[in-house]
Each structure stands twice: as structure tokens, then as C-alpha cells.
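The letters A, B, C and D name the chains in turn, as written, and every chain counts its residues from 1.
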Amino acid sequence: MISWRTKVLPPLLAIVFSVLICSIALLISGSDPLRAYGTMLRQLGQGTTAVDTVNLATVYYLSGLAVAIGFQMNLFNIGVEGQYRFAAVWAAIIGGALHLPSVLHALVIIVVAIAAGVAYAAIPAILKVTRGVSEVISTIMLNSIVGGIVAFLINPDQFGVLTGNNLRTQVIDSSGRIPGIPIGDASLFGFVIIVAVVGGAYWFMLNRTRFGFELRASGESTTAAAAGGVNAKRMTLVAMLLSGGVAGMVALPELLGRDYSYAITSTQGYGFTGIAVALLGRNHPGGIALGALLWAFLDKSAVSLEQVNVPKEIATIMQGAIVLSVVVAYEVVKRADLAAAQRRVGRALGGGKPASVAEGGAI
Amino acid sequence: MAISTASQAGDATTVPTAPVRRRLPGWAKGILWAVGVIAVLSAASYLTGVNTLTSTNTAQTALRLALPILLAALGGLWSERAGVINIGLEGMMILGTWGAAWGAYYGGPWLGLVAAIVMGALGGLLHAIATVTFNVNHIVSGVAINLLGLGIAKYLATLIFQPLSGNPRQSPTVPTFDTYSATFLSDWLSGLEKQQRVGVSDAAGLINGLITGVSPLTIIAIVLVPVSYLVLWHTRFGLRLRSCGENPVAAESLGVNVYTYKYTGVLLSGALAGMGGAALVLLQGGGGYLEGQTNGRGYIGLAAMIFGNWRPGGLLGGAALFGYSDGLQLAGGGKAVLALLYGAVLLLGVIVVVQLFRRRWLGVVLGVIAAGILYWIYWANDSLPGDLIPYTPHVVTLIVLAVASQRLRPPKADGARYRRGEGD
Amino acid sequence: AKDSGGANSSNNNASGNTGSCVTSQAPAAPAAATSSSTSGAKVDASSLRIGLAYDIGGRGDASFNDAAAAGVDKAKTDMGVKDVQESTASPTEDEAAKEQRLSQLATGGYNPVVAVGFAYAEAVGAVAPKFPNTKFAIIDDDSVTSPNVTPLVFAEEQGSFLAGVAAVYKSKNCHIGFIGGVNTPLIQKFEAGYLAGAKAASSKVQIEDQYLTPAGDNTGFQDPTKGNAKAAAEFAAGADVVYHAAGASGKGVFQAAKAANGLAIGVDSDQYNQKTVAEYHDVIMTSMLKRVDVAVYDYIQAVATNNLGSLPKRFDLKVDGVGYATSGGKVDDIVPVLQGYKQAIIAGQITVPTTPAK
Amino acid sequence: MTEPETVVELRGITKRFPGVIANSDVNLTVRAGEVHAVCGENGAGKSTLMKILYGMQQPDEGTIAINGSQVRLRNPQDAIRAGIGMVHQHFMLADNLTVRENVLLGAEKLHGIGRDARARIGELAEQTGLNAPQDALMESLGVADRQRVEIMKVLYRGARIVILDEPTAVLVPQEVEALFATVRSMRARGFTFLFISHKLDEVRAIADTVTVIRRGTTVGTADPKTISTRELAELMVGSELPSPQTRESTVVDRDVLRVNGLRLDAEDSGRAVLDDVSFTVRAGEVLGIAGVEGNGQTELVETIIGMRKASAGRIELVETDGEARDLTKLGTLGRREAGIGYIPEDRTRHGLLLSQPLWANRILGYQTRRPVSKGQLLDISGARQDTERIIADYDVRTPGIEVPAAALSGGNQQKLVVGRELSGDPVLLIASHPTRGVDVGAQALIWEQIRTARHEGLAVLLISADLDELIGLSDTIRVMLRGRLVSEADPATVTPRELGSAMTGAAA
């Protein structure tokens, strides 16, 4: 029933609004907004930026999906950050230590990553279902603790290797890598294909399977789901573990497609980005993809903004403004939509008998 | 007659009432807890010979580290009691650090404090507009505010601090609050502490830490705990605010302007988070704005508040627990953390005895197993892996939450949407 | 009562007759040998367009990024360099962003391109082969092997050795401390040198030795509150001179020194003269200098004169790539001692370890 | 005799909601010192009108005059100031606040929040017969006490005009009597009441005047002393009220559900919410459970369906071949699959996914079964077809199966739920307040559907607060008091009054 217009209009409005806000900020700091936006757009055509943006979006997409699985049932998995780093370091260690035939090697690494992600997500999941510990607190704590675990594992006394001044895990053999797809000068992560499959699977799971239905039902109303035979604890556990499994893959596009080892300088924060991306995409596989691309684009443009002496914090402000205005816009549109639906029902019933909407808890 | 009595229902003449158990008042429980904790710590300190556990320095550090968390947690309390989940505390805190540095640079620490409060409150205002006026999901808005707070503070720092300090990520050094000590008392307490008498010296050490090098902001923050309690639970304003977090429609039906109270709660929340930011800038160890300085303390504050069951006393406990274990690991390193482990074994021992009396066999078994494992770790190691030590407070928080099977009770309408005239 | 904060009370430690801590005789200081690399005729580098890719922190971080900037600034005034493009890494960016930054600089015709920080190692390794005609330099890393890449690395341990010696000489309690920001191999070099220096000067010195966060958790470089807490603990444990290699967290260390009436040793640049910590300069006894500015300056000069071979393999004490600061005059009395050790290291009589003896 | 002055005068009130005209040109005149009843079927617009009078809703058109002078009531404060108080249809209480705080809230200026307030609340508690301590948390109070607190709230504010919106819906006859006694004594002291109820005999018992609202507009005012219940009902719906009459008994001597020694302990204390509950439901039988709300009926139902875990006892479902199956080990889904249908008491909380389309709601509870799923996959076209069928069979008024459930009226939502629960070929139907908040038309349809299914051998466990419904539909009635089944009644002979006595324990 939701028209195409109401799906697409809010994000567009939000982007326009954010651009306006940032223009003001840019003018205050004495920069030319038009030039700044021009640079942001132009950079896409320069060198490998366009492909790099897609590569980065791939990572954000996975992270966004991981968060979205939790969101579907109102589980706030802030812990994607910790889960992906935990998974990445184990995948890199084991991948670096093993010497296996080509496809198998990569497969083993992926499985290890997923398993590690699941394992790290199991802690908050179990604490939640057995002890009722809020996943918000436990994952906040676990996100910090993972720093210590990574440092411990990557220590030369354990599994680390010192290269220059950097500490990293052993480099993964070429048999464990996933070859890139060359596009001009640049190379698109081969993992993109796997990510697309994961996205498709997520959509299918959500819309076509019993589990997906139960997940969404729990998210919409725990009580109704319980009465409908959905076991809330089991759903919480499974959703959290599934979320952890997807989170486990977040670092893989880079690990298997570009870096081949995990270092103390490897990027952090993808998990937090995932939250924003999932919110932007409204937990919808397509929406998350767009959100991830937009986010990656803004991140990339920060680099080029500096080249023209524009404060690159503008990109962060724009990201925050977009998230906030997107949700406000969706909220406004949603309200109008529901009113329209009620009017339709009212009309269809011929205006005589008033539809008792209050009973259904007008939203 | 058509009714036949099938079975006699107990005592039919009395009205069923929930059994009212006499409960200790909150403050008494707090004191009992404090005494218990000091007892366990001093026992551990005595038995392991690690006196950092109860040293003046540890207490002082703990207090300082707990302050920003405490203020953020209080911020969370005010907002969530009014029914608005505030995960944007971190962003408001960041705005606070910027404000504190800016104000203090131009007008000294007090102006800094005011500016931090104003900046934090602005963040709160944004959150209120989004969640109260536009009914946006509270978590979504909070996440966005964390992003915006970071972006805006960075932007403002580039704009304003860079010309002063030559560094877009840092302000110039700004004046901090003077500190004061109760010299007379602290001399006496130091004396006691040095005597190394079990219990007495430990308590003296801890108390001494709490009364030396105290700044006005410290006192304000601590006083805000009972003040929050009194205002929220013993004034008309507090009653109305809490009613908005419990059942806004009922409040509306009694003529309470729910929007006003929600806005007030969230604004105060932002202001307190901003103060939390100020505590990072205007106390010893601060002395200026620095990008990334809050380092997730807003989230920890939120955790402390949930830990404290949405109550001022409880969140004080949460912040103190976090501050203490952080202070301990900073001050004493791996050895002290091991000694803390030993303390945990002792505490588990006490719990096991209590469970024995209550005949909760599962609790006893689990307690014994946990104590055994911890003791084994203590016994088998001289020191813990250094990489993990800095995360002691996080682990402690997690374990305490898992062990203490507390029944958390958030305000009933916390996070719920509310629109005037839509309830029934 | 209001705490005095130790500001006005004359720094008891500072007034310095040699502490009773010292147990070994300092090597004799030979006649000051000069070792400047910036000698000879004025070089004109005005045709060079320099690209500068900073690590997190960027220009103005009062640390190695800033030092690199200072080197370029000096090149502007001395060698007439006009066109400099700078770009800074953000804390959460990915590897590709670093490559993008370098590529954009190289594509923009900037040559040489200086990458500041070992975090750029991968990126330089990936980008340099694509631009064979562009010269790259990377600071703090010598693992990249492309022919057009010049590593600019330092002997931090040697400078830190002298800091350790100075600390022993100035300690009254014969008890000193070290605070590292993040426990990485690079910072361990500082630690190793400091420990070695202290032990060389005294066999009975007690050393507090702590890090704020483990490798990978970079918050240790930007949490003055924790730096302060850690330093306060070290002072409380009896240390009276503390050396920090903790970036912006160092501010908290200086504060703790001031509050405890102790002394602190700064790092990287001459922190006595740094604006962001100006308030505490009276406790900054000396600073271990890591002359990134000199290295960058020398590199630019070498590119301009097309004589990259003249650059030292490592910027060490010998080429004044590392050293110590004397601003504030607190170590004036022990300069001969320090010079003695310095010469001994240069001469190879003392070899300073790069990893801490555990 | 002089005509008493007019205290409330509503003229031409119109209120539109999106898609609904709740009130259109309503006129109402209330005189001082009377009990003025307002009647009308579900959704007629009674509550909306009262909320307008109480300032919670703004009329789109029309005027309000209080004590002869025209006023604008922008919010409840204005109304309170004008001397109006309202007891809402749904309790407006905050569970986590104390009784005193609930009463004080919003009226702190009157007596402060200290000792004076405490004293005044003490007086009111005595007046209304509230026994609970002032510092007790609201959640620990039963329904009747909650109702008392609601009335105390109104009195505390010194209201002279009191709106009671369906105050009796959750009360048993004895409690209704107590309430009416209070109302009468207050009327004698000069209070004016606006009283809303669906129960016409109550209206006739207490009201001095009655105004009937149909489809949002006033259709007339009458004197309840002279008008008959039948006439009143016809005014309301334009036709005769249907009543639930069980015709011949269809009970087959084959057990379907056996409950034995069921016990449920409260979560926080060891107190038993259900204690030694045993009963049997046979094929073709409707077993009605009567009880004052809060005596364990909700818990009983939720324990049988598996939403709560029994502390002790056995629940068995007997299959056609006589083999008994223990349900206690099964989860809710397992029990549903074993053949239990469940009409929850609160459809919006337990029955529907409000923002999902109707066909998705058809899947809820049946996600493992045909025609809506195949193995682990959903059969969406199957679900759509079956939803179309339900809409046709059960007369669900909706423009289509794609509208979100929230857009349907309450009665239509309930019909959808009933249709769904009877579609899974249940052997046992648990019907909890199946017609609560449903208008008469829908009510009749739902009763008819339950009767038809019973005729085909369905066993029904019926919980209802509507004693007429309970007596009319049940083959057997058991009374529940404080978590126990205390007595049994024969629906053929029992009167609502007698049942009410048993429910309050007065008969025991």
C-alpha cells in the first residue's frame, strides 16, 4: 500500500535539508558550498574513487545488515563493532596459519569469521536470555573489551608479526584470497558477490520464511508474537547469533580482497557506521544498500574536500543531519499515510458506520 | 440455588493484598552496601598485601573517573524518567567538552561550566524536538545526535580553537577548577592509613581519597545525586515528570502538559551530559578540549544508569563501580586487578553462605564453581595479561550484571511514542 | 583548604645537585662534535610541489604530524618551496582512503609526497609502484621496498636513553616512571631506551613502567584524564620524574607532575615551548626530541639536490635526528653527563636496545 | 417545582477523525444534581464527546457552556478549573507510582504534596471505601480499588460535574451497587453526573435522564423511569438487541481438555496466582469461567496456551481416539498445533500485528501450517486466499487484505481474529472476552460463529466479564476467586446477581 513516492520522497527531502544545513555551516567557515559539493561529486570520476566507494559500501552494507537483523525484533545490537573485530582477528590468524587449496581456504576463513562473530555475539545473547542483562549494556562493554583481546592475540608473543612498526597477523596465502574484479584501474572486491547473496538471503529470509515472519512479528509486538507461538527467548538468541554471524563477515571484503592480514592499524568503527546505515535503510535490504553507498560516498568525499581546503567535518555533520532528517521525514510521511489508509477504509465502508480506529490503537 | 461451592477458597473474608515486606530505606541499604564493600576490599587488601585496593590515591582517581560517568548517568535518569530514551548522551557530552573549553578559555572554569551546560542542553533540545515533537524513534534520534555532536564539535573546534592553539583537534590550555582538601581531617586519616590496621586503615584511605583534591564541580556532581532524588521523588515537578515516563496519557488527563515535562527532562538531561563533558575538561587531568576525549563515557553513563535501575542511588553505585575498577587498574595495574579478583572470591564466599541459609542450592553450586575458577586464576598467575588490564571496569560491570540477578524496572512508558489527544 | 597545586612552591627537585641515585660514572664528554646535515650552500627548491599526507591528528597535533609540518614550513622559508598540499587521515577511515589520499596527491602532480606515520606503510607500498616518477617518503616505517620510496626512521631509543639518564640524575627518590600511550612496537622503543638509560646511570633506580591502552586502541593517545590518573599513581608510588610517550594524554601527565611537585619529561618536540601545555612548562624538565622536522627538511633538500643517497639510514643521535631539549634550563647542570652518554652511543660504546627487557 | 438550572450545555458538537466522523452535531443538556446517562453502541462517539467536554479533544464545530457561560476547554486543566472531572473508560493510572501520587498528580497546588494532602486523601479513601495504603504502588491494587482511586482523583480536585465513562464494565454487580450508592449519596450533595454504560438496566437503575447517541449524533433524550429497556435498545441500534441464547445442549461425553492441579506462582513472590485448578472441557461444551477481573482468569488462559509456565499440575488435550497428550512440556506453538485456538482478551496486544497487512495477520499463530506456510517457507498466495475467505465468511468490513490491521475498526479486527482462530480446525477454543468492545452487530455474529463451531464438536473455554454473555453461551459455569475455582453454577438457572455474589466470595 505504500506508494513509491512515499518511499523515495523522504530520503530525498532529508538530503536536500542536510545539504542546506551544511551550506550554512560552510558559509560560516568561509568556504564556497557550491565548490565543495562540486568537488564531492567530481571526485567520483577521479581515479579509483568510484570503485573504492563501492568497496567501502560493501563493508558498510554487511555491517548495516547485521544491525538490521537485530533491529527487526527490537534488539539493539550495538555489539557489531566488537563482533566484527573479534571475527576479523580470528579469521586472519587462522587464515594466515593454514595452507589449503584455493577455494577451500577462502571458505574456511569465511566459516571461521562467521563462527567467531557468532561466538562473540553469544555472550550478550546468553546473558540476555538467561540473566536478563540488557544487550545495550553488555555489548557496549564487549565492544571495549574486544580491543584488549585483539591486542593480546596480535601480540608477537601470540600470533602477531612485526612489520616495520606495525603489528599484524600472518599474511594469508593467495589460495585464501578472493580475487578482485578489475574495473579500469581499480579493482572491485570479489566479495561483493557474496555480499549481494547475503543481502538477497536476508530479503528472502525476512519475507518468505517462517523464521523471518516470526522475527518481524516479535519486532512489531512481542506480546502478539508470544500469543502466536513465537518463542521470544529463542528468537532473541537466534537473532543475536545471526546478527553476530553477519557481523563476523564485515571485515572479510577487505581482509580477503585487499589487506590479507589484520593489523593494529586496521580500521575500527564499521560497527557503529552499520547502525546509522541500517537506520537510513530502514532495515530493508535495498534501503540499506542505498544507505551504505551514500555513507561511503560521504566518507570518501571527506578526503577530497581537504584537497580544496574545506573542513572535512562537514561530511560528519552531513551524515548526522541526514540520519536525523530522514527519520523525521519518514515519520511525517508515515503519519500522513496511516491517516490516508484510515480515510480509505472509512470511504470504502460508505461513511455510514464509523470505523473504530481507536480500538486498533491509532498509531 | 444455582451455585454450588466446589471447593472452599481459603479465607474468604479478607481482601487479597500483596504481602507487604518491610524494606530497608534506600540510604540504609546504601550504607550497608558501602560497609560491606569496604569490608571485602580491606580483607582482600590485607590477605593479598596489595594496598592499592584501598589507597587514598585509588579512591581519588576513582572519584575523578567516576564523575563524568555519574553526570552522564544522571542525564540519562532525567530523560528516561520523563519517558525519553537517551542514547545521545555521548554526543551531548562531546558538545559539553567543547563548550567547557570555550567558556573556560574566555571566562574561567565557571563560565566553562555554564557553557558546557548550555551546549549539552542544545543537544538535548535537538533530541527533544526529534523525539517529542516529531515522535522519531528515540534510539534513532540518539544515534543521529551522537554523530551530529561529534561533527559539530569538530567543526567548531576547527573554526574557533585552531586559530588559538594552532590545532584543530585541541583547544589551548584552559583554567581548571581549583581543588580543596579537608586538610585537618585528611592529615588524621593519612596517619590512620599509614598504620596499616586492617579495616580502619582501609576505610581511612578510601575516605581520605574522597576528601582530598576535591573541586567545586565534584561537590556539585555528588550533591546532584540526592538533589535529583529529592526533586524527582519529593516535589510536584518531579512527580509530574515521572508520571510522563510512566503513563503520559494519564498525566495528560490530569492536566499535566506532557510535552513541557518531556522537553524539560530531556533538556536537563542534555545539560547534565554537558556537565559530564565539563568534568573531563575542567577537572584535573583535563585542561582543554581534545577530540575523542569522551571516549565512550556517555555510553558507559547510560550503562551505569540501567545498572542502577533508573534510580539516583543505584546509578551512583554503577558509576562508582566503574570508576573504582578503572581507577584501580590505572593506579595498580595487573597486581591490583588480581587482588580485586581475590576480593571477588571473598564476596562469592559470602554470597554462597547467604544462599546456603536460603537453601538455594543452585546458587550455592554456581557460586562455589565461580569462586573456584576465580581462585584458580588468582593462584596460577602473578599478573594478568597487560593488554587486558585496561578493560577491567568493563569486565567487572559485565560480571556484576550477570551475577546480581536484579530485577530492572524501567519507567513504563520509556521510549514509547506519545501524542497529545491520541490516548484512550 | 585550597590546594596550592605545587605551582609556586619552588620545584624542589628542579634545583639540582646530582641525585644520590646515580651509581655509575658517566662517560667523559668529548669536545662537542657537530653533526649537522644542513650545511653547505643555499638550496633552491622553489620548483618542488610537495604533498603531505598526515596521520590522524594532522597539522597542529603538537606531535609528529606537527613536526613534519614544521619541516615543510622551514623548507618554505629556507628553500623557497611554494606549493604544498596537505591532507589528514581521519580516525575511522579505511585503507583505501589512505591510498586515495596519496594517489590524489600524486595525480595532482605533487612530487615528492611525504606520508607521515607508519599507518601509511601499506598505502605507500600500493601506490608508489603506480607512480614511478613520483618520489615518496614515509616516516616511521622502513618496510616498504619500492625504489621511489624513502624511509625516514628514527632512533627513538637513543633519545629516550638520554631521557632515562636525565631522569635518574634528577630523581631524589631514585624512583622514576614511564607512561606509554599505546603499547605498540614504536612506543616500546621509547620505553626500551628509557629503561636502558636509567639502568645505565643507576643500578638501584626503581622504575614504574605503564601503558594506558594496548596496541590498536588508540584512545591511549588522547585521554589526558587517564594519563593524569596513571601518572598520579606513579607519583603516588614514589616516582618523582616521569617520562611520557603518550601524545595528547601527556598533558595529564604534566598536570600530575605539577600536582605532585614532581618533574616530567616531554616527547617528540620541545614541549616546554608548546602552547597547548604552556601552563605546565615549569615541570617539563626536558623533552626527548624526535626531529621529524629535520628529517622532512633534509629529505626535501635531498630531493631538490637530487641526492637522496645523502640521507642517513636512520635519524639517530649522530645526525641529531633525536636528542633532548634544554629549554627551561632544568638540565643545564647535567648537560656534560648527557653529552658524554650521547658520544658513547654515537661511538658505539653503548648499544641501546629497541625492545624493552622484560 | 422549579426547573433546576442547566450546568452543561453542548451545542452542535462535531468532531472528525481521519476517515471517521466521531460526533456530528451533538446536542446535550445536563441539569444540576442529576445523573445523566449517555447510551449508544460501540463507536457511537460517547467517549469522544466526553473527552471534548473534558478538554482532551477539541471539537471541530460547536459550543460548550458550563453553568450558563460559554467556555473554551483547550485542555483538561481548563475543564478541571470549570469543575469537571472524568473517570475514563480505560484506567488512567501509573502503575509504578503510589496511590497518593496518582491522586495528587496535577493537583499539587490544592493541598501541596505533604501532610495536608495525605490527610485529605485519607478522608477520600474513607469516603470511597479504599482500603489500600496510600503508599502502596498502584500495580498492587485490584480493579475495584483502581476504580476507587479514579473517583478519588476526581473528588480531590473538587469537581462538581463528574463524568463516568463505562465505570461498571469491569465491576461485578455487588461492586456496581457500592458504586451506585456512592453516586447517589453524592448526587444528594449536589454533584452532577454524566454516566456512560452499555448496560441498560444499570442506566435505568441510576439515571435521571438518558440521552442516546447513534452513529455520532444525538437521537433523543428520554426519562429512564418511563422508557422500557426494549425501547431504549431500539433507539440505540434501530433494532432489537440480540442476546446470546444457547439452544439445545451439544455436549458429547468425550473429554477434550483436562486440567489437573494447576498451579502458577507469581514471578516475584512465591504467592500462588493459580492454585490447584482442575476442570474438564468436553467436546461440544462451552465451559464458562466467571470471576472478577484480576482473580486469575487471564493467568489461567495464558497458562493453558503456554504463554506462562505452570509451577505444578497437568494440562492434557485428549485426542479423538481417547489418547491424552500432556501439554505442559509444549510451548505455545506446540499447543496451537495440537489444536488449540485462542481468542485473546486484548486483541491489539495479543492478537494482531497492527502495522502488518491483514494477510500477514492471518499467518500469526499458524506459521507452521497450511494453507499459509509450507515447511519453513511461507505460502503467501495461500495466506492471501484464505484471508479473502475469512473476510467473506465473517463479514470483515475492509477495502482489501492489504490494509494494515490498525486501519480496521475494533469489531472488524475482532471478527478477523475469530475467523482466524476458527480456521485452524481447533479441537479446543479458548475465548477470552470474545466480544469485549465490539458492537452489537459484530457481537451477534461472533456468538453465532462460536455456536456453530460448538455444534460441530468444538470444546470452548469461555472467559467473560459480561455475565449475560457467559450465562447465555455456556453449558457449565465455574467461578474463579483468588486463583481458585470455588464454585459451579448452572447457566440454565443462575441469575447474574447470584453469579456476582459467588464471584466476590460473598456466597461462600
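By definition in this document, a contact is a pair of C-beta atoms (placed from the backbone, for glycine too) under 8 Å apart; a residue touches a chain by one contact, two chains touch by 3 or more.
Predicted model only: the values in this text are computed from it and were never measured.
With centres computed as the average of Cα coordinates, no chain lies farther from chain B than D. The centroid of the Cα atoms in chain A and the matching centroid in chain C are 39 Å apart.
Centroids of chain C and chain D (each the mean of its C-alpha atoms) stand 76 Å apart. Centre-to-centre, using mean CA coordinates, chain A is 44 Å away from chain D. Residue positions of chain D touching 2 or more other chains: 47. For chain A, the set of residues touching two or more other chains reads 147-148, 151-152, 155, 358, 362-363. Chain contacts: chain B has residues 387-388, 390, 407, 424 touching two or more partner chains. Chain pairs that touch, as defined above: A-B, A-C, A-D, B-C, B-D.
Here chain C touches chain B in the complex through residues 1-3, 5, 57-62, 66, 91, 183, 210-215, 217, 219, 222-230, 232-233, 236, 248, 251-252, 255-256, 259, 275-280, going by the rule given at the top.
Chain B contributes residues 52, 55-58, 60-61, 64-65, 68, 162, 165-173, 178-183, 212-213, 280, 283-288, 290-293, 295, 326-327, 330-333, 386-388, 390 to its touches with chain C in the complex.
Chain contact summary for the complex, chain A toward chain C: residues 46-49, 52, 55-56, 59, 147-148, 150-152, 154-155, 162-167, 254, 258-259, 263-269, 273, 299-300, 302-304, 306-307, 312.
Against chain A, in their complex, chain C makes its touches with residues 85-88, 90-97, 99-101, 103-104, 107-108, 118-119, 121-122, 140-144, 183-186, 213-217. Across the complex, chain A is touched by residues 17-22, 42-43, 45, 47, 215-216, 305-307, 331-337, 342, 344, 348-357, 360, 363-365, 367-368, 373, 376-378, 380, 397-399, 402-413, 437, 439 of chain D.
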